[in-house]
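In this document, chain identifiers A, B, C and D correspond to the written order of the chains, with residue numbering beginning at 1 in each.
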Amino acid sequence: MAEALALNGVFIPMTTPFDTEDRLSLAELRNNLGRYNTKRLAGYVATGSTGEAILLSMAETEELWEAVIEATATDKILVAGTAAESTTETIARTRRAAQLGYQVALVRTPHYYRPLMTPAALEVFYHRVADASPIPILIYSIPHYTGINVEVPLVARLAEHPNIIGIKDSSGSVKQLAALVRVAPKGFHVLTGSATTFLPALMMGVSGGIMALANLLPDECVELYEAAVAKRYDRARELQDRIVPASDLLVSRHGVPGMKYALDRLGYFGGPVREPLRPVDDAARREIDEVLAALGSAATR
Amino acid sequence: MAEALALNGVFIPMTTPFDTEDRLSLAELRNNLGRYNTKRLAGYVATGSTGEAILLSMAETEELWEAVIEATATDKILVAGTAAESTTETIARTRRAAQLGYQVALVRTPHYYRPLMTPAALEVFYHRVADASPIPILIYSIPHYTGINVEVPLVARLAEHPNIIGIKDSSGSVKQLAALVRVAPKGFHVLTGSATTFLPALMMGVSGGIMALANLLPDECVELYEAAVAKRYDRARELQDRIVPASDLLVSRHGVPGMKYALDRLGYFGGPVREPLRPVDDAARREIDEVLAALGSAATR
Amino acid sequence: MAEALALNGVFIPMTTPFDTEDRLSLAELRNNLGRYNTKRLAGYVATGSTGEAILLSMAETEELWEAVIEATATDKILVAGTAAESTTETIARTRRAAQLGYQVALVRTPHYYRPLMTPAALEVFYHRVADASPIPILIYSIPHYTGINVEVPLVARLAEHPNIIGIKDSSGSVKQLAALVRVAPKGFHVLTGSATTFLPALMMGVSGGIMALANLLPDECVELYEAAVAKRYDRARELQDRIVPASDLLVSRHGVPGMKYALDRLGYFGGPVREPLRPVDDAARREIDEVLAALGSAATR
Amino acid sequence: MAEALALNGVFIPMTTPFDTEDRLSLAELRNNLGRYNTKRLAGYVATGSTGEAILLSMAETEELWEAVIEATATDKILVAGTAAESTTETIARTRRAAQLGYQVALVRTPHYYRPLMTPAALEVFYHRVADASPIPILIYSIPHYTGINVEVPLVARLAEHPNIIGIKDSSGSVKQLAALVRVAPKGFHVLTGSATTFLPALMMGVSGGIMALANLLPDECVELYEAAVAKRYDRARELQDRIVPASDLLVSRHGVPGMKYALDRLGYFGGPVREPLRPVDDAARREIDEVLAALGSAATR
């Protein structure tokens, strides 16, 4: 890298629009991106967990990657989720994303053979991918999906690799995020995946967030980030308290189906989820409607 | 189904041989199968967890499926692991396996979006697959890899579907296996995935086992099964106690890498694992050598 | 010990009767014991988990211990639960129980400072108690209450102490019980605390059970034990299947309150629980009534 | 209460000194208190988890309570840990503490019959104790010892009781602490038990901390609190980062034995722990010495 990439601020891990026939709906993707492009977001992640990446074929993945590239404003950083269980396949996907113009690869821990995915095995995995990747990589730790938490000492060792530039930690644990910040060398970015604790995480030194909630409330997330950076903590805490109910309900509880339903309600395109995910049921819709109503006009501006 | 398939006895969830270049090694597969064909095994599972299925491309999967079909003795039942995270992809794989001649599909729970994989969501998933599959399906519950345990009441409901003929439960819990047997209607097979508790599971009514250890100790596993069925429980318990150290060490502790190393030691082909799996280290090799030595001549016959 | 004590068969971990003023009700205790004395039970445990021991004062504990001694038939083995968090207090209670005539002390793992209760710390604890105790002791592992599972290698080491004569393992795991049997030296008793898997545990070599369910269904538990010992496994399995619904519902799900309600229904004295335990609610009562009705006349004989 | 008690700032959950004969050492207690009295601490907790309360007899507990009362400066708030498993016993202890002059009772969740300690059962328990207590009570949630986390909705309900004035939450989860603050009515205090995340917790609105680390580093804890309240966040974060290694090592990893060893090293009295707790071993001592050395002169002032 000639110059280090700064991963500061709010990134949207984008949802992947499907039509009613379960096909990619790139027109809707472009519409959503058109709206996001006007905001002070740092960038986008294509094919992350929120993007139902694990439910896409490789052909769909490439089609989506290309569409996102084309529709993204030039000031945004583009990140591709490139993980597969196999190391070789992960490298192949990472190279393809780099070739298409993605600037960073977000690489989730392999996890199927969980008892064998020791820190030592993960260290080899990330070194292999980082060595082979033309673009810098971010470690991706999301224990409530994978059952694997990337521990602080392993991150400290991985951070020494010149092509590993940070971690997205979705544990939601402020304790762990702060510990990661303490071991991070200069230029290594700690990003949180959890909007529920965005403010305390920022205060303890994370450089930004890749947060599903930013699909829905990009302005609030950006303003919270900016207020925290400017040390306007009272305002930051107001915003934090404001977004927590939506974060808890839509992200932690109802996941992608809740997010997509809420996007539809707020004028973005959410659309159907892909099976085995199931649409939210009537009770969940009512809860979500209430939370969105409480967010009020500010949320829909 | 004209006639119900009887899933009784010992099935081998086969390892997948790779050469030193990480390519499928079908010649070695045929050699292994040639030896297994002469034994009183009930059948084989291709592309299960022990087969590193999740690390194979679809092209490799099909190539392997074809090779297994060709090399299998006619008296063996052939099962294909066909699960993917996406329901549509799982159905596509199941149909392809059926087309090639597999008699049963083993369908692991989708699990990435774990908090959303409720019993209700899993019920829809299995109904979709069972409805679309030309061949009967087995539910596959392997909580230490997926984080999802298929609970007894869900199995009781799924067992009513005419195309769902059983479950492979790899929890190792005799309590749960016995509970599954109690709710299973006639013709619904409960198979254990754990050799460590094979005898007590058989005693409580499971119809057989799909056990990684059978790759290594097929004769012991078959003899244990036959002794239990014949109510020669003293002999069965001798065999059970005999195989436990290998089951604990090779399957529970060292997983596929331990199994492949031990296969090489016993004259089968084990060969390398695919990354991110890592070969067992020297300390593990010594432990495995000791356990194999203790098994003695009977194990190498 | 001049002669080794044989801990074979079925032991009742007795409930502790309270009157409506929350005082010990020793008359009711004697009535229950009078009925149990006529059965082929191996013995009783006073002040175990089922006896709400942790809710009794030391004065009540001693009063209860004396009453049990007086009311017990001479052919029964008497065990006292003597654990406290403090080692010194545990020793004091053990000595007191011995002085009163108890033959064995059942010593639960200390557990409040759970992260510090390592195998090494537990080893010192059990050695201290065993060294100081005038009577032999049983290790008591009940992880769903204490959060601590006494692991097999620790038991193997503790079994070498001449005054530690066995373990009550309430994990319910047949795999672990069988592993304990495999490491147990001659004269070391492995007893299960779980009626749900009594038969498979017996088959794998446990010498008996200390099972809450035996308060309620002593005859079935004894007959199951005797059938298993006599290798009449078909009859044993019938009995096992018969008692599982009651074991699951009354012991695992509703605990002491469920057990006491059911005792009242079957003509024993159950009576109130001590707070913070709460009586079972109406829905639970209906479920319990149904399970008892299904057990039918045999259960109430 | 004529006037509401303000539980703001730093409270020390005091260690309990024993001599080499395992007897209470009240002289040493007075010495420690004499030093603490000169600091800007809000108050003390006698007989909490750090005080090895669960290892004390009732006679020792009362003796200790009296000694603490006598040796405490008049500006400090005095809290007594009064929990026992039995509701009745908890009430008796709470009344005794009140009689002796304690201003608040800290009441840990009962937890032995964990599967039965549902939110509904805990609600009854806390109402019983609060109704009967002459002094206000604090809920005490310490899941890594008890296995029970007091959930936010239950706290919201309990906070309506006029005699329940707050919660000590030792989960260490900033997410949960912030959620508690959001549901807390005016006058209900949320206190953290974890020094590792004290700053982010304060930032999200907790009113103070009852933190084992304050035994060792009272000045740093107080200064951190005061800096946060004064919105001098840069200084607060310096202090937070400074105390984390000691908090992680001494509290989370080595518990009371680590704390007592470190107290001895810093010129307070730590002394022996009571069994089954074990003194820290040589390796732990070296680690602790290093962490204390790194804290340097400031820590020993």
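Criterion: contacts are C-beta pairs under 8 Å (C-beta built on N, C-alpha and C of every residue); 3 or more make two chains touch, one makes a residue touch a chain.
What you are looking at is a predicted structure, and each value in this text was computed from that prediction instead of being measured.
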Touching both chain B and chain C we find none
Using CA atom averages as chain centres, what separation in Å is found between chain A and chain D? 38
Quick check: how many Å separate the C-alpha centres of chain B and chain D? 51
Among the residues of chain B, pick out those that touch two or more other chains and give their numbers. none
Which label fits the chain touch graph of this model best, line, ring, star, complete or other? ring
Would you mind writing out the residues of chain B in touch with chain C in their complex? 172-175, 178-179, 182, 194, 196-197, 199-201, 203-205, 231, 233, 237, 240-241, 244
Where on chain D does chain C make contact in their complex? 22, 49, 54-57, 85-89, 110, 112-117, 120-122, 124-125, 128, 144-147, 255-257, 274-278
